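Below is one structure; the comments refer to it alone.
The chains carry the letters A, B, C, D and E, assigned in the order they are written, with residues numbered from 1 in each.
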């Protein structure tokens, strides 16, 4: 149990997927201008990443490794993730329309989100067990959501400030993301 | 006015009390020219009931435009010399009527006739521009649940209502019973500072007014704060008290109503407080329409370039361009400010010091609000940052170390939102009309199918 | 307005240069630009995948049924990504180690899929090649430039050679994660300044 | 219906093409990738151990079966004699397996040197096992007849301060190497000789 | 005959309490002086040089930025001087000139001006600059390395580093023993190693109380910060007295007092509502001790403040219901 907590804290705070692993930057920049969209995106990522993490882990362990097809990992994973997102979208639309309305627009964005794909690949590279992969996937997603929401809070204010013209929008957002990433140094050594 | 050394403690403003001061008002002579404002844009071509050269009597109801029942009461007997267009606050367009008064007053008899023929309710059509002013919605016959008489002004320094409350007890008594009959209101409340409660006892006893004490600290005389603290009812931010049937009137107006029904002549003399540069106060009585310059002359006040003439108090008044600006029925005070005391605004952004948030009596998140207002995001300001909760006390501007014109931003924001809302409402009927063709189409289709059916039958 | 082939190529070098103008492909941009070498390596790998997939998609554009369009693009792209992955492991292993999972992640790089979807599936072979080459070159240049700045500040070197005077204390912040964001943000600011002139 | 068939056909053909291409490339790069991995991942560690060897220990390697695993051994040739062999073993560390290359002198049965290959330990703590020459230096000259362990477990290796787990992992790995070597010694020497020829 | 006077027409209110940003800035400088002067007394000219260069270069960067970007001059408001002063207060007395100049650039330009100047910065500029510098040039900030050549008549070891070291080697040291070599008077009177403006406990307390009384900083933040540090340190000490130092030690060493009164209270990056201020301060205090006791750095104030700066916008959404607000 303790090990899982350490893993979780490490994935959320120290090896934060956005701020330390540089994954998922485009949605990070794209959905952080407003708190509402940030929260929506965070939820969607948590939802998809946990499912994708587990399914790709199983695909890798039971199919690719068993048949010596590791070199097809990239292609297999992207197909799994793409179809998963499609499936989730269809499923939600039919059975949980409220959730679909909330997550709907964010789901397609996630297909081509390297955070999801990246986290799945990290699970494999780190040789995590099934439980570890579950904890790590969830924690990465929570870390993504946490950073995204904190960032949105800061960014909402920056947008109202008097940022010089050439720095406006993405430029100042990147600088701020840098500080965000620096801020997370605070948790170094804590697990 | 300066921030104290102990800045941790918030600045406090006390309303001035008049109970112990014996004030003799200065009476201003009838001026050489009076100017009355009619709440209608000036239209040269619209047929008028009166024209330049016509004579009017004191107390005469002037309904200038034939196609409108907006009126103003003449405060003198004299000859109309000209009409003008005048821009009020936020570009409100008014018609200015300039009258040259004669030496002696000849009083208009319309009110007397109306009262004698139709009883007291007939006064309703004459009271709008009585000294102190009456809420138009109340006179139009809207439901009046509660009437709150303000024995004290919202803003600081001005003592007009207190003075009237103290000196015109019997007129107020009559005014209260009259206004009860005119509007049918049962509950009349008078909000007073503790210092006046003795004097006002007489009013309460005779005419069935509930007396309520308000704190002597600014801005507790603000209508919304009176509602919350004295009446125990919070007015929703997006509603005005009037919409709940609660009307606020100045004590002066009630006294004026009393005088009017007693003498059957409309009073035309306005009481007001003049605050000089050294903050000494003088109570003045002048005909409505008297140019400020006459008052200044009578009080030996000299003005220089870059001084400021403020109508109303220091926290929420408005400034005027010219010395010959006339006294309006609602003018409670005139304040003169020396150019060296004029605080400058800066174009600094909010530094998030939080002074405004701590002082705001309405718990408005001013620090955030001001950012959205500056960015002209009025809708967000209203929806998420409580623009409409602001009771317009001006304290936030007072304490802002960035010298941001916060209060001005707030008023502008509210004004802009109102404008947008009005525009949308104006557009709304068009959108309502749109469904009409659709129904026509369906009927057409129905007729067609009906026709087809007939053909088939055939 | 049809563009000439040259314009099709050069638009990727300035008007639509990723990641500055097209704010896409940020992750590899941030992750693998600790040095000029790794930046350019990543750029070239991406360019290869871009050009190959543009070519193939453009060739197949009339054959691919619209409904499975995205799936086909993904297969095509993933194939070329895997080719790069294998070839790089075989012949440029140290580079493969520095680029890490960002090589397989080219498959989700929005630039690549975006180009297939927005350009190659609607244009002929030659145009698509020019487009892929242009965007790819622009991307490579961007990564190289950012890598240069970070390498110079963070290590005091360029392409591994000492550039700064001996007394220079490397500003290693530039090669840490926060430095990546800030350098990219400031470079974007400079691009905006130049662009607005 | 036609659409459906077309979709299936296109997807199948594309997948087949992709699979074929990748399989072909994979077969052609397999050897090379292994060499590269050895050169760049294990290479530094091996060279560290066989500093003065006259051969290239990476190319002079052989494989032996140990239990159900196949293990690689690298031979260091000194003055024409195959005097040392190196093998890689693993110990359970703080952040996962710690890989350790252990070089053994076949004449004296003493450790020539050890070097950490792969690890996921905490920077500044466990990671010092790889960076701190003082720590790995302690293994030099240890005799395989003794049990190798950290001082806390009654052995002779001082642990890195604050990182006993990592230190223990390294000691365990060394001990494992010792066990393997002792079990396979005859075959190892035979193979080494034949390679040196 | 037209001879009309020109009157000023403007909007209410027509009074202002006369407060002004510059006044706040200069009062902060004033409050910082005791701590800085004592350091200059101990360390002499080098410390004075660091302070002077830091303040002046900060102001020059701001001047330069406003000139280049063709915006209104703002150095008069004193904010750049305050940032320069705060940055200097964090530094060891022997910081090299280029590090100071680079640091003030990061603080003023990256930390403040690009966010639109005063009021726009989401993070405390001086703290941000120090963190960036620390990542790159830690060796120059490391007190133990920096002042190794001084003989000051007191222990020339950074107390927090010593305590952390001892806490990591409980087989060799007992933390309580180690920290008992720093007595209370020493810590209060600046007889300890630390940043230029961070050692004189009493001076910082006086400065802080002055600023609180003047209403320039918000006491809620300072007090909850100190309470957070004290309480967390107490818990740690109770859990393992051999490993963790007690509350008084944590309160009077490192940047704790500087952080509580001067850094965490920076207007733009801290909340303004009551409850958020308490949470903000307490979180910073708790985090400070967490970083010191179980994190990677011996000193925790810097990163603790950056973290709470980050959550400030979210915290400040907790606020009283405005008058008449429905739902």
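Criterion: a residue touches a chain if its C-beta (ideal position, glycine included) is under 8 Å from a C-beta of that chain, and two chains touch if they have at least 3 such contacts.
Model, not experiment: these values are computed from the prediction.
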Other chains in touch with both subunit A and subunit D: C, E
A-C or C-E - the one linked by more C-beta pairs in contact: A-C
Most widely separated chain from subunit B, with each centre as the mean of CA atoms: D
Subunit B-subunit D separation of Cα centroids, rounded to whole Å: 89
Computed distance of Cα centres, subunit E from subunit B, in Å: 50
Whole-Å gap separating subunit A and subunit B, where each centre is the average of the chain's CA atoms: 57
Approximate Å spacing (C-alpha centroids) for the pair subunit C, subunit D: 35
Subunit E, residues touching no fewer than two other chains: 110, 114, 116-117, 119-120, 132, 135, 296
Sequence positions of subunit D contacting 2 or more other chains: 18, 22, 26, 124
Residue list for subunit B, restricted to those that touch at least two other chains: 349
Those chain pairs that satisfy the touch definition: A-B, A-C, A-D, A-E, B-E, C-D, C-E, D-E
Residues on subunit A engaged by subunit D in the complex (per definition of touch): 71-72, 75, 126-127, 189
Parts of subunit D lying in touch with subunit E, wherever the complex brings them together: 124, 161-162
Interface residues, subunit C side, partner subunit E - complex: 169-174, 176, 178, 182, 189
Residues of subunit D touching subunit A in the complex: 18-19, 22, 26, 96, 120, 122, 124
Subunit B contact footprint on subunit A (complex, rising order): 157, 160-162
